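Consider the two complexes below, in which chain A is the common component and chain B and chain C are the respective partners.
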Partner chain A sequence: MNKLEEKAVSLLQSGVKLILGYEKGDKGARPFFCHTPEDASKLIYDEHATTNLATYILKPELMGHDKVAVCATLRTLRAIAQLASENQIKEENLIVFTITEEGNGDVKEFSGIDEINSYLTDKELEVAQLYKELDEKLSGMSREEKWSFWVNEFSRCIKCYACRAACPLCYCTRCITDVNRPQWIDPWPSPMGNMEWQINRVMHMVGRCIGCGACTKACPVGIPIGYLSRKMLNDLSEEFGYIPGQAMKDGNSLSTFKPEDKENFIH
Partner chain B sequence: MDNNESEFEPKIVAFVCNWCTYAGADLTGTSRIKYATNVKIVRFPCTGRIDFMLLLKAFANGADGIIVSGCHPNDCHYTSGNFHARRRWIAFRHLLEIIGVDVRRIRFSWVSAAEGAKWGDLVNETVANIRELGPYTEYTKVAQYVEKEDNNE
Partner chain C sequence: MSKIGVFICHCGENISATVDCQRVAEELSKVDGVAYSIDYKYMCSDPGQTLIKQAIKEHNLTGVVIGSCSPRMHELTFRKTCAEAGLNPYMCEIANLREHCSWVHEKGEATTEKAISLVKMLVEKVKKDHPLTSIQVPITKKALVIGGGIAGIQASLDIANCGHQVILIEKDPSIGGHMSQLSETFPTLDCSQCILTPRMVEVAQHPNITLYTYAELDSVDGSIGNFHVTIRLKAKSVDPKKCTGCGTCSSKCPQKKIPSEFNAGLGTRTAIYVPFPQAVPNKPVIDKEHCNYYQKGKCQLCKKVCPTDAIEFDKPDELLKEDVGAIVVTTGFNVLKTDFFPEYGYGKYKDVITGLQFERLASASGPTLGEIRRPSDGQIPKKIVFVACAGSRDPAKGIPYCSKICCMYTAKHAMLYQHKVHDGESYVFYMDVRAGGKNYEEFVRRAIEEDGVKYVRGRVARVYEKDGKLIVKGADTLLGGAPVEIEADMVVLATAGVSNNGAEQLAQKMHISYDSYKFFAEAHPKLRPVETNTAGIFLAGACQAPKDIPDTVSGASGAAVKVAGLFSQSMLVREPLIAVVNRCAPPLFSTCVGCFMCETACPYHAIEHEEIKNRNGDVIKTVAKVNPGLCQGCGTCVAFCRSKSIDIQGYTNEEMYAEVVSLLNN
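Moving on to the complex of A and B:
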């Protein structure tokens, strides 16, 4: 019995009704809902565990009155910290543990959100290789080329909204794309509707995106959509005073302001 | 516009706040200051209400340029609406730059209720600027893609 299984069994025996974790799937680890101690042996944790489980802890059907534990990766921890700063988490019903990075499989349970925040302070948020390459490619382009590049990329979008479903921070009960009075954004795939949908997604993520890459991974047609919010996250961090990958302490970028925000574009 | 096709007349949409810029634009008129007629003013309760989607919709529907204007910082009728708006514009402008939308066509400004002359200048400058840039077909082409396809069939 490994340490993860031991932990899961002890949690389930102490009254936890559900453990969100990963099991072996066809293509690496996939999300797994562990309800009983017998199932605990199926739990795994490796570098393929990339799905952000924080999406599940927002579901009322999972987060009822029972205690739920999450086997969190670094990405999940970041999402939980951000969600907690937005008052989206019922802390008393949630147990968060992670497998420490040292490699001997030690399980670390967090006492609360504050401990998660301090755990994240020395973890730098890296930029994915795909985004770095894209950054290089786009930096050499003129404005017109950038425009046609993105129009072309977004024209492949089939509006499946997998990006919305995969994102742990997309939790509006009524999405702007579902609003039809007025119909802001064409819900079907159309070049402008796709463009507007992504612009909205990124604007809603300003200073909130935790750079987990779940949206890019979820996209069935392979549009690097996570690049936009990831780039915004890095570029605006100085301006808005946050550290990428860590939750803001005094409100999200767009829900607060500084009187000395830059004005050089306002004439 | 129609009888002289060689000259391009820019279509400008101005999103302005009720308390400062709209009153400022009124003052321009009552002061008998002449300015370009290309601008269509849309009045909002506050710059904080000016959703970035409205700007995109204006472009999609054929606007060649956009003016967004409201109260100077610390002058907001609702205390902080313009501060919040300014943050949103910083983020929005940055995103448009990444995507490759022509941000030169969006003019942000603060015009108070006493600055009638500034409003006139602002519109004149924007019109001159957009006249130089030409019509913004790049954006409308994408927006009208579906309609065009229907027509071809």
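Moving on to the complex of A and C:
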């Protein structure tokens, strides 16, 4: 029995009804809902465990009155911390543990959100190779060229909203795309409607996106949409001292004012 | 189906000179949903309003669009007109055809087309409008007055005499302000203290006034009718309940050489002190920056000699929370010191003093007991030069404005000097004599003609010391700029009146606007001179600009009437144009997901948490709720809400969208 399995069994025996984790799938790890101690042996944790499980912990079907534990990767932890700052986590029903990178698969259970936040303070947010390449490509472009690059990219969008479904922070019960009085965004895939949707999605992510890349991974037509949110993270960190990947302590950068905030954009 | 009435006003010729009003009305009559459309010369006139009322009744109108001047002018008028005809007032919209169209464009086809578009836009909005009812908010009938000078004293007394509770806070140990420092007052030469001290005592004794001296405003929350203020009661180190004001402590205090603020630096005081004999309250405070105990850790002589054991060292500042309905800001002004002027010796000549210092010299309670004696050697100056406009009206010094009071007090100073030193000579260098005011010009003439004060029109270029005399070099511009040189014993600079220390921070704390000189700004310089742009916060006195006593007092009474007027209402009636978080049927209850980003975005702290509970009392969902008493309808939360769960009533997303689409479809 490995340490992960031991932990899972002990949690399930102590009243936890469900453990969100990963099991072996056809292509690496896939999400796994572990309900019984017998299933605990199927739990795995490796570098292929990339799905952000935080997406599930907001689902009312899973999060009722029962206790649920999450085997969290760094991305999941970041999402949980951000969700907590947005009042979305019922702490009393959620147990979060991770497999520490430092030890030999040691299991670390967090006492609460504060401990998750302090655990994250020295964990730098990595930048995906794809984004680095895009950075290089886009940095040489003029404003107009960039615009036409993205218009072209988004022309392939089929409005399947997989990005929305995969994102742990897209949890609104009514998305702006579903608002029809007035209909701000064209619901069908069209060049204009696609731009409207993606610009809105990115703007709604500013200061909230934790850079997990779930959206890019989910896109069936391969648009690197996560790059835009990632770019916003960097802009925020330059303008308002926000640290990418860490939850905001005193409110979102764009909804708060601090005397030291730059005002050089006001003319 | 909407039945909308469109009323196009000519505004005399203001609109009709460039816009073809008749055509606008005709075009609008063709728009879907418009049941009636007409133009008229003056819609705001009585017959114009009757026209609207009759049309509403005859055609059963469901909405009204008026094409006229800015809604700032007549929105209220027309909404009332509609209400009188039985239509909900918020179903009436104004298309601004004057400021937004006729005044800014030339006569022509395009101008009329624009007017048509503007009205069409509003027609589309009215179709989406919902009837609204005004909001009633309870009022806390207690006022806060900040600053205990004559303005604050007058405002407090006036409000208190109307039967309302007043909290008066003053940052210094005593109320009285600058007026208590003055010797005599122009143009009647009555003693300043004699007319002020009865008011000070009245404040202290008034049952409706709670006076906190040595207190400052810490923070303000809330809005008109319901402000929540925190007052910092600075530690006085003396228990006012035990202290009898006997003065033994001050007489024993070893720190005796501290420049007295009350005497504008000309006299000294002790570290435990009462600023002046008529101070209210007449109880000392310890100035921690100069006290031996606070600075060096030992002394406590005052504690040893105090017969009632009233000295309490090391007591922290207290923070007092109060709810008030209105705030009057009367924080006053300051005068520039002599060290501001390089040409007059950077403040290094002892006998170059400010007008305020001269007041102390002339005052019976001053350091010389009312005798004019120069600070350097105590001699009576035989020749004295007064320099008006020291700093004022000098853009190079950053003070282009006129300080208003200097002409008059300089005439008064010269007059007082002549009355006290009969063989003395006095000169006044002036730019213009600005003596506008009741009996003011007569007063200046009296100084010149009866008391023999010599007025020289010109600026003083330089003052320097030579053989114990102050050489004043200037020019007489009435004699073609002939150089004038006077060997004076003393020079009095009528230094410019400037905004008080900390005015900027205070304004930011209260969210009131201020000008580039950091004087507080009125809501309207002529028609709303005692109001700020923040409802419920009023201004009086020299915190707005330098003012003389009559102006200050009338301003204070004006502000007091504004407060009393506010308090005379049983409920505060507010426009319902505020944000509302939507509610819908279970199981959703609201499309709000409770992320509360609106809470940090709201500048008015109007967002509250509402717990939606089931029958067992379990919380199903926590959603945002807007406090209608605090919301100012700025719309920041609306812009921030990702799920579009907040709307401003009267300016909903749907209404705005309809307007924009109407323009785009043109």
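One rule holds in what follows: the second predicted complex is superposed on the first by the 256 of 267 C-alpha atoms of A that agree within 3 Å, B and C clash if a C-alpha of one lies under 4 Å from a C-alpha of the other, contacts with A are read in each partner's own complex, and residues count from 1 in each chain.
The rule we apply is simple: a residue touches a chain if its C-beta (ideal position, glycine included) is under 8 Å from a C-beta of that chain, and two chains touch if they have at least 3 such contacts.
Bear in mind the structure is a predicted one, so any value in this text is a computation, not a measurement.
A.B. asks: For chain A, which side has the bigger count of touched residues, chain B or chain C?
C.D. replies: If we count touched residues of chain A for both partners, the winner is B.
A.B. asks: With both complexes superposed on chain A, which partner does A:204 reach: first (chain B), second (chain C), both or neither?
C.D. replies: After superposing on A, A:204 lies in contact with chain C but is clear of chain B.
A.B. asks: Name the contact category of A:252: first (chain B only), second (chain C only), both, or neither.
C.D. replies: So A:252 only meets chain C here.
A.B. asks: Touching A:175 in the superposition: chain B (first), chain C (second), both, neither?
C.D. replies: Once the two structures are laid over each other on A, A:175 reaches chain C alone.
A.B. asks: Which partner chains sit in contact with A:86 here, chain B, chain C, both or neither? Use first/second/both/neither.
C.D. replies: In the superposition, A:86 contacts chain C only.
A.B. asks: For A:23, is the partner it touches chain B (first), chain C (second), both, or none of the two (neither)?
C.D. replies: In the superposition, A:23 touches no partner, neither chain B nor chain C.
A.B. asks: Would you check which partner chain A:184 touches, where first means chain B only, second means chain C only, and both and neither mean what they say?
C.D. replies: both
A.B. asks: Which parts of chain A are touched by chain B and by chain C alike?
C.D. replies: Residues 184, 254-256 of chain A touch both chain B and chain C.
A.B. asks: Show me the residue ranges of chain A that touch chain C in the complex, using the header's touch definition.
C.D. replies: Per the touch definition, chain A meets chain C at residues 86-88, 171-176, 179, 181-182, 184, 204, 250-252, 254-256.
A.B. asks: Give every residue of chain A touching chain B within the complex, in rising order.
C.D. replies: 138, 141, 143-151, 184-185, 190-192, 195-196, 199-200, 202-203, 206-207, 228, 231-232, 235-236, 239-240, 253-259, 261-263, 265-267
A.B. asks: Where on chain C is chain A touching in the complex?
C.D. replies: 588, 591, 593-601, 622, 640, 642-645, 653-654, 657-658, 661
A.B. asks: With touch defined as at the start, can you tell me which chain B residues reach chain A in the complex?
C.D. replies: Touch list, chain B to chain A: 52-53, 56, 60, 73-74, 80, 83-84, 86-95, 97-102, 107-110, 122, 138, 142-143, 145-146.
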